[in-house]
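Note that chain A is present in both complexes that follow, paired respectively with chain B and with chain C.
And then the complex of A and B:
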């Protein structure tokens, strides 16, 4: 018994570096966190709706600009059709596949480039150059390569997102404290293990930031692609928006914008909570704080 | 501090929006009061048209300086070319155009979306000039099953025509390219020709000259739309103006109508010169002209007439309703305002038209 207490006290020593254990009851903490996360967003939404209604009330472009009182019922109506969910499904599936590809390619390239100096000098600047290229300029090229197909869209998503992810990882590796590296090597970490147990965890914050930025680029590429690469028989979010514009169904087009916004916010929430988990683990955040 | 900033921001946006609203609302009103005494007050007329031979009235009228002459020095003509009528209808609805050469279905759509308040059709411009062109191996409607076909854009005149024709032949379509025959709206039309040439599409229902280009690219005509209409007459291009512009600047609209009549007369009397002029205008807009053979083939399909062939507009609307691209329209008769056109036609000793 005494021995066990002693050993857990020793275990606790190296936990000092990381965050403490939350004291509050779990359910209450979750509710508090949820509310703290939700109210600024709800307020922002309310402000946007009020401004929107004000602009509509002035009668500006009244044939095309539809107010919240028209758009929300339209959105509700669209949500009762299979077509919308089919489109959201296709878009999200492309998002997942494209982003997963970008994650793998970006991580591998980032890891290799970060640790091989000659590559670093040569490829590093190319990666940054790729990162600042607007994804839309790739589409003519992608359409030539792949035709009007899903791979054309995925290609552009990967080109947009992978550089950000690679750059995030490279930055993270750069900022790994040399002391840690030395300690790791002294303890016999080499090659893949050095990456797996030391460099990767140490570069996690910058890596997660890069992944988040990569998602933003991937999603932009996806949306641009869906508006440009209209694939027969695959109703995506972009195709619906295009169609509603062609049909002068402006409340519908506005509804699609809201759906794109919701998808964006939902994914951002995922990344924010991942980022928060990293920070909490490192004691950079009050346990249980928002 | 922070709250004050937000409040200031709200106030600024509100003022801005209110400013836009009032200026938009007041401009037709102020113009209306000044139009009769001062016809020479400078006016800008924003005229939309498509870069098709079915809109040759606009192309020739501009190139030959007919509009500039008939509109007079007080009217500045600002030309806005479009690749498809649906974009043009959106631009009309968004207040970016005062007048437009536009196909029947986008005109109906703009009429309906605005509750009959936005536009009036003041003249016809062209009849005919659309065909379904497919690869040579397809010779019957039934063979189209599973074949992808192009149209200029979802809900435009040719798109409605194709969907309705397929429906009559028992073939289904959907707005997202599903059904028996996947329809792929392709903008610009030249992209549809390229997709046909490279085998990605089996054909398309396109306005002239793009039907002729598809034939030149190895296709053959499966349906000439003229064969589907009584006496082969159906409206392809209308001239519309916004009701606000019509009320505010009747003399400018009169000038535009004069230009419309003169341009069509020029085309009908000087075929070769008209073809050259239309091609020159197309070249300056698109950077690329048409081959002489395609140009002549395109012109040969089209009858340039000021008659808006009102009966075909009503049928067009019914077709659009039948294929689910339009909700039924009840007040379509009011879409025409042919009084000014008929006055001009009478003065010129030409037969008048009816709505």
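And then the complex of A and C:
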């Protein structure tokens, strides 16, 4: 009887402590966060269009500068050309391959460097050094090595992105809470298991942040590469941009910029939602935060 | 385990200690050759080297019998947590010996130290996995352990969705999942409110009785020590030394507000203050 009384007291206390916050339905939460993420972007786009139209209205460089009313129809027209989609396809494929390579190489380097203290001191600073090198300075080197080929572009993408990814992982490993390490060790997690079940999952938030930053570097490298390394028979976003520049075709060049921006924002949204999912699972997001 | 040592009054015992008939002050139990679950012999721990060296533990000898619940109390800097780390094998003593008779030891902290990316059930299950329990049995055992701490319905919650007391109970289930014979607890209820702590004291008592666990429980709360322990060991500060041991008779009213517990608590408080004054000079 005594035990019964006690367990009901403890269960009652549990219910009291958890009872406070009503759970929001999943569908509603997704709709709310999607809207919360979308409206600032839509607003920003609207502001840019208005400012752009204002500049056009002043007549500044009116012989080349065209307003949204000219550029958007051009963009719409381009979207009905197979060539644009072919170019987008080639660019996205390069993005995927280059980023995947960077992800593998960055992760392996990060994991090894985080584990081996002597490498840590030496390679760690090289990684940081690589991160501050603008991707464009690598192209002469890459072109000498690989010629005007896709591998030259991928090479620069990897050099740009892998250090960020490696650094993210290293930071994550470094910031694994010592208390959790203690708990894991008392539990009997050792060696590889300690990595698999504790250190790697604990590093995930910093790793995802590194992957996000890595994507930004990879995409910059890719765009720079596509403007410099023009490969015959391989129309890409960069090739189109380059052509429109040669043709002095402002509306076309601007349309391509808009497409690049859209790709960038779309991928960033993926990373942001991955990041938020990781943080939500760990209770690192404030309830109701956008 | 009955504590049958004679009533000895150590030279430094506070005035009036003998006025409490329920107390037995025990000296140098480690010297007696009784079988022990945990035995520390002249354990020293020094941190750092040379002039910056800090003596954290100084010749601590302590023996804990199987099934015994021993509380360690002391002011800051008494090396309580160091002592538990040494017994848990997370660190090794500078000199002296620690024997755990081949028993399995698990450690609980003031923070639940649950893995925040895993649900409550997964946290418990990981401990089972770490000790090699086959997958087929893990699910049922996890559920059983969660039910032991009255959290059967909360297995799919993540730590941040639980209250502090509930998290600490998940941590307890995880510690039990390690199938340890010796449970080391480092101020496990220190961060909880009094009401929750009171309920968890009862829970811990019940679980220890069900599983015949040997417990080494560190606290700075004298009432908690008097409430839970079969024996209370008082440590001095900087360096940590065993300065006194009190037997707490079994049976009787062990509620935290009972007369027996209050009397023992005030005796220990007096002893601790005496120790603190020593550092004030």
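In the analysis below, the second predicted complex is superposed on the first by the 263 of 290 C-alpha atoms of A that agree within 3 Å, B and C clash if a C-alpha of one lies under 4 Å from a C-alpha of the other, contacts with A are read in each partner's own complex, and residues count from 1 in each chain.
FYI, a contact is a pair of C-beta atoms (placed from the backbone, for glycine too) under 8 Å apart; a residue touches a chain by one contact, two chains touch by 3 or more.
Everything quoted here is computed from the prediction, not taken from an experiment.
Student: With both complexes superposed on chain A, which partner does A:64 reach: first (chain B), second (chain C), both or neither?
Tutor: first
Student: Report for A:27: first if it touches chain B alone, second if chain C alone, otherwise both or neither.
Tutor: neither
Student: Per the contact definition in the header, classify A:239: touching chain B only (first), chain C only (second), both, or neither.
Tutor: Touch status of A:239: first partner only.
Student: If you stack the two complexes on chain A, which partner ends up touching A:132: first (chain B), second (chain C), both, or neither?
Tutor: Neither partner.
Student: After overlaying the two complexes on chain A, where does the chain B footprint on chain A coincide with the chain C footprint?
Tutor: Overlap of chain B and chain C footprints on chain A: empty.
Student: Note which residues of chain A are touching chain B in the complex, please.
Tutor: It comes out as residues 47, 50-51, 54-55, 58-61, 63-64, 83, 87, 147-148, 230-235, 239-240, 242-243, 245-248, 250.
Student: What residues of chain A sit close enough to touch chain C in their complex?
Tutor: Touch list, chain A to chain C: 3, 6-7, 9-11, 13-14, 17-18, 179-180, 182-183, 185-189, 193, 197-198, 201-202, 204, 278, 281-284.
Student: Using the touch definition from the top, list the residues of chain C that touch chain A in their complex.
Tutor: Listed in rising order, the residues are 85, 88, 90, 105-107, 109, 111, 113-118, 126-127, 129-131, 150-151, 154, 158-163, 165-166, 174, 178, 195-196, 199, 202-203, 206.
Student: If you look only at chain B, which of its residues touch chain A in the complex?
Tutor: 6, 10, 13-14, 17-18, 20-22, 24-25, 86, 89-90, 93-95, 109-110, 113-114, 118, 148, 153-156, 175-178, 182-185, 200, 325
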